[in-house]
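Below is one structure. I have some questions about it.
Labels run A, B and C following the written order; every chain starts at residue 1.
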């Protein structure tokens, strides 16, 4: 009985160090854990998530979108949709925030080594992909060509706009698109699935990683299959209402799988074997 | 007697089946004293339908609560109603949730329905029930430990013992003989009046004791045909946050208060809230008080006249006596 | 005196006479919180487990309406207390103090039935045997003993023998209670029992009482409660997942209330909410129900289980398919029948299982 068991519900206390407004309803926050030891040892895989808490309001799940090698802060991008996210949007540098994580599985980047990588993102769906993208750029020799198709409703709804030139400089082949024409916009216009079929990347030795709103994912999948991508070549990361984040409280299940514990990253092949309850 | 009415019910349904989308009625449950709702969609299932004093459920909620049984254009849904249930149907029509011409009402006069827990209390232990028959005002139960005969009056639900509308107030067809009410109308709120004569401490003690049993399963809310916003109920919503998740008497009281107040002037006293409570809390009692007030202030009873607007859904600047 | 006490310590069986039950348990309550089934009100049929108090009415003759689930998983449980304070080093800043509230006080639950304890064996898989260990559950679970009745009170909603248990299943119990004429024989099943017996101040049973108890146990062991067949359901739920006609057939009359889940010994799902009071407050874990619309409602407005049909499918699926798939075949239903008995519209989960089976086997055959 004297065995020490860590309390998986107890958050680490962190401090908000920076708040970056991304779009009218998305903010990126950077958090430093108060305990330097914990900050140093906060190891995670790209794609893993954490529960952010504002005590008095509650917790919500966000993907950690800073690269794992970054020990200066943990970064999260938060879209204002509910009670907790509203409160997070009010935070300013110096404010306290709880962090519980890392949780979930993360991307299986090992099996992606040696392959070309195609990121396809829509709106806030860029957040989970950012970590993996940066991770792959840090380990560029292990991967082939890295390309990104990123779409948003309007140019103002595009996250990390300030970083995209840096990614391009580091060798990412970037295609940007917005839903409708906008003044000053020099990139593509059209929905992500359309741009995908225009770009028509070859499925040969390529892994596609998709994240965005459900409707986009649905049509992107259709497009990828048209192009000859097989289910094992396609990865996505799911969202569900979560509470505990550790596979106990029950609500995020799809059949026998828990999105919080067994996911949030799934290959299309895995998803095909799961009950369709998205 | 019950088998005769059941037979007539099945014949009626047989006749109207071609014109209706579905028939909402009752069928036998896991034993003879437990009946459950059934939605009949094909002729072959009509024989499932039953009527007897174990048909406790008010089925009108199925007409409005998602995924509701809704008829296609030009068709109707048939529903079986007791006297109390018919008032719910009228109330739903009054509030615009239901159209009269979309439903076919099969009215069944009812002399009271049975509280299965009261039966179990009489048997004094849990037991396999082999057979149950009601004849001449007595229930005969054959169970694993023997046979018990109980006067029907002793095992009726509380709502039935104070019922003044045992005959459907609205219907397209009536099956069975008209029955007379258990009590006179002027005695309807006798229990409320008696309770109000108690001291504040006694009343507080009563509610503290009974409500502390509440497990917040929200069966009372979800069984209520008129609690149409159950999925977005303030009791579970966090934004705005009125009720906490703490299982304290304060929060429980707040929920039941909100529940009752949202039914003020709307509740038809079908008693489903109270019947479905797994913890046997007399939650309808709260609504009875509100109805007594509504009757006194507005001379209004919910679910009687589909042309009337419930008093709290209207605004009359000349209202007096408030 | 010393010798007598020694002898008592080594006892593995004691006899509690009918009239001595309250006194015996009151003796125990000096050292433990003793939970017993008692009527939930003066005139009510329903029983629930509550902490023993002097002169309370203990009822061991029927199953409780609410299972003893709340002993280990209270309806509302504070996980963490928090308080915002002025930072000592920099008064212009805020500091946050967190305090875990872990309850390790010793508990005996007296008068459980095999189905009740089976419920905890199911929950153990989730709370103790997964990748993360739930420290709150663990603290209570490790400090709780169960004294379980050999159950002779099955009714027509019971089906414990169909789901891997049975009325004489003592797995997970520390003490077996056998009702005999004039009282109860308590028998130690784990090492922890002798400690309890030494505190009870009861006599050892005589030969005849032991023989009576043996006969009762034999009778209970020979009973098969329920005849539900569950073969094919494991695969059937997935196979029939999109057969909404089937789920409509099973759950059309469901009210979407939480009765079935709250009276269920194996339904453990919960929510976590913050309940503030000014600058301090608590992070609370409370019962939640997969029957509620809000349970899976996402902030974006999307709900993966928008109607009662998807929600009921999840409840049945979880118990008879998803859980056994995840946890080495164990069915997450203890067959206590509470959901059937307490359901306001008498939905019978056995019938649902049977329908899924039929649909599944029908599919395989054709």
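The working rule: a residue touches a chain if its C-beta (ideal position, glycine included) is under 8 Å from a C-beta of that chain, and two chains touch if they have at least 3 such contacts.
All figures in this text were calculated on a predicted structure; none of them were measured in a lab.
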> Which chain's centre, taken as the mean of its Cα atoms, is farthest from the centre of chain A?
Replying inline: B
> Counting C-beta pairs in contact, does B-C beat A-B or the other way around?
Replying inline: B-C
> Taking each chain's centre as its mean C-alpha position, how far apart are chain A and chain C in Å?
Replying inline: 39
> CA centre of chain B versus CA centre of chain C: separation in Å?
Replying inline: 31
>> As a quick test, compute the distance in whole Å between the mean CA positions of chain A and chain B.
In response: 50
>> If a residue has to touch 2 or more other chains to count, which residues of chain B qualify?
In response: 238
> Of all the residues in chain A, which ones touch at least 2 other chains?
Replying inline: 58, 82-83
>> Please output the residue numbers of chain C that touch at least 2 other chains, ranges allowed.
In response: 271, 273
>> Show me the residue ranges of chain C that touch chain A in the complex, using the header's touch definition.
In response: 79-80, 82, 84, 93-96, 98, 100, 102, 126-127, 130-136, 138, 142, 237-238, 241-242, 268-274, 276, 281, 283, 288, 290, 295-300, 302, 304-305, 310, 314, 317-318, 321-323, 325-326
> Any idea which chain A residues touch chain C in the complex?
Replying inline: 1, 5-11, 13, 53, 55-60, 81-83, 85, 94-96, 98, 214, 239-241, 243-244, 246-251, 253, 255-256, 261, 275-278
>> Under the definition above, what is the set of chain B residues touching chain C in their complex?
In response: 29-31, 34-39, 57, 61-62, 65-67, 69, 117-118, 120-121, 124-129, 209-210, 213, 215-219, 221-223, 230-232, 236-238, 244-248, 272, 275-276, 278-280
> What residues of chain A sit close enough to touch chain B in their complex?
Replying inline: 58, 82-83
> Along chain C, where are the residues that touch chain B in the complex?
Replying inline: 40-41, 44-46, 48, 61-63, 65-66, 74-76, 153-157, 252-253, 255-259, 261-263, 271, 273, 275, 284, 286-287, 289, 292-294, 307-309, 340, 342, 344-348, 350-351
